[in-house]
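Next come two complexes built around chain A: one with chain B, the other with chain C.
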Partner chain A sequence: MPVPQVIYTVIDDDGDRATTTINIPTGFSLSQIGEFGAAMATLIDAILDGKVESAEVSFSVDISGLTNNIAGGSSDVEEIGAFKFTTADGYPVNINLPGLDEGMVAVGTDDLDQALPAVAAFITAIETGVAVTAGTISPCDVGESDIIATNSARERFRASGKRG
Partner chain B sequence: MNELQEKIVNAVDASNGSITWPDLMASLDYREQQRALNEIRVLEGQEVLKRVVARNAETGETVFTVNKL
Partner chain C sequence: MVLAVSVRFDFVDGKGKTSFTKIRVPNGFSIAQYTEFAQGMGQLITDLTQSRITRAGFSVGLDLSSATIKAAPVVFADIAQKVMFGFSTVLAGFRTKMKLPALNESKVTAGSDAINQADPDVAAFVTAMENGVVVTLGTISPTDQRGNDVNNTDYAKELFRKT
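Entry: the complex of A and B
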């Protein structure tokens, strides 16, 4: 099982940023990892002249069970599925999926066909959550407001690189 | 409840209260399919139906169903 990572971002006087990563063993709770991350930030800060700007925890997820996970001959990460959602507090949330299958687009439009099982299931999972063992995990915004509605789902083209 | 909402609820009832999305779509024509998600959202607000996406921890399979409440 891949181990969690605590990733620290350091910024210098020029405004340039760099990251450093510390791996930690599995088996600890999120709050325990938070304690570790805060303590380690203090220790790193004492060594550096730069400023420790942020710390993030990253977990790798085992996706070896995917059965259709190959890059199609026409796949292109610049072709994205652009979803615009709204939270319970009325804030917008954008999710852009790179490498969109053009078969998801409704004929004669730029809209994704929300009747298709794959599109409908993704939208439902974002709006209502995914049932997991002993609970349901429903996506939210950065303020932890639940995503409850879909404004649009469209095909878009963007330069390759980081996705929002 | 409008005609399409009734049709959706009847399809769920006919599947013993839980129908997969592909099976539900198969019971509707193209125009109804395009409206189905919005009508189900209305029915969720009325606490008649609920969409459920669940992952089977043993098989790893993810199943999308529409269930009667």
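Entry: the complex of A and C
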């Protein structure tokens, strides 16, 4: 399993950005990593003419427990399940799932069949969250406004290499 | 402002093409809880796609308000001018490298490409890489990608790369 990575973004006088990465051991809390990140940002900024603009820590998740996680022979990441949601503050959130199962599309339309268990379960998880130990994590927008409603769920096609 | 946590899933289809998607979730949960969320959501996504999830992960923005950071880049600072550090780890033969963009030219030893490791700022960074940073109830010491602790600086030199 890859170790956590603290990734710093540096901006220069032209407005160009570049990143640098520091690997750290597992076993520390987000609070401790936050302390490390700020302290190391000070040290890095001191030896640069550029400015440390932001930092994040990235974790890999063990997905070996997923069931039926195989690529179908005719699957294509260009075939997208395009979901449009609304947050509590009224902002739109788009989530695109590449490699959509054709069987999720309502016959004769581009709409996903929201009555199908797999589609319904995903929408419910986005709108109301996923139960985790001692809590529930509910998806939101980038500003942390909670997703509360689904506007549409459709089949779309997009060139590969683009964000899913 | 620290933004929402980003949970990312990477996919490959039956033709070898790749893509990814992101789902944002609030800050305030633990690493273990975000891991549970990613695994649970990963299964739901798997159930309605035919592509394979090849990687799942999440990124948490760090609050740098307690760091001492210059107000703006120095005039003529350029990310193409870098310093490359080469480190050894506690496991013999396993080395790691890192590049820092937009190097301060004054950290370079005159007449060479070598970074002046006697400079206090450079020395402080190198010490932190080798020995770690003290945090509440512990010390976080950088590693290579396999988790081997960085314990020595082999070289530090200036280099230039295309932007």
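The criterion applied here is as follows: the second predicted complex is superposed on the first by the 153 of 164 C-alpha atoms of A that agree within 3 Å, B and C clash if a C-alpha of one lies under 4 Å from a C-alpha of the other, contacts with A are read in each partner's own complex, and residues count from 1 in each chain.
Going forward, a contact is a pair of C-beta atoms (placed from the backbone, for glycine too) under 8 Å apart; a residue touches a chain by one contact, two chains touch by 3 or more.
Please read these numbers as outputs of a predicted model, since none were measured by experiment.
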Clash-or-fit label for the pair chain B, chain C on chain A: fit
Partner chain(s) touched by A:Glu78 [first = chain B, second = chain C, both, neither]: second
First, second, both or neither for A:Thr128, with chain B first and chain C second: first
Chain C, chain A and chain B - angle at the middle CA centre, rounded to the nearest 10 degrees: 150
Larger contact residue set on chain A - chain B or chain C: C
First (chain B), second (chain C), both or neither touched by A:Gln114: first
Per-pair minimum CA distance [chain C against chain B, superposed on A] in Å: 6
Overlap of chain C and chain B interfaces on chain A (superposed complexes): 65, 121, 125, 130-133
Interface residues, chain A side, partner chain C - complex: 2-3, 6-7, 10-14, 16-26, 28-52, 54-63, 65-78, 81, 93, 95-102, 104, 116, 118-119, 121-122, 125-126, 130-135, 137-144, 146, 160-164
Residues of chain B touching chain A in the complex: 21-22, 25, 33-34, 36-37, 41, 44, 50-55, 57, 60, 62, 64
Contacting residues of chain C [partner chain A, same complex]: 3-4, 9, 11-15, 17-27, 29-53, 55-79, 81, 83, 96, 98-105, 107, 119, 121-122, 124-125, 128-129, 133, 135-138, 140-147, 149, 163
In the complex, chain A residues that touch chain B: 65, 113-115, 117, 120-121, 123-125, 127-133, 149
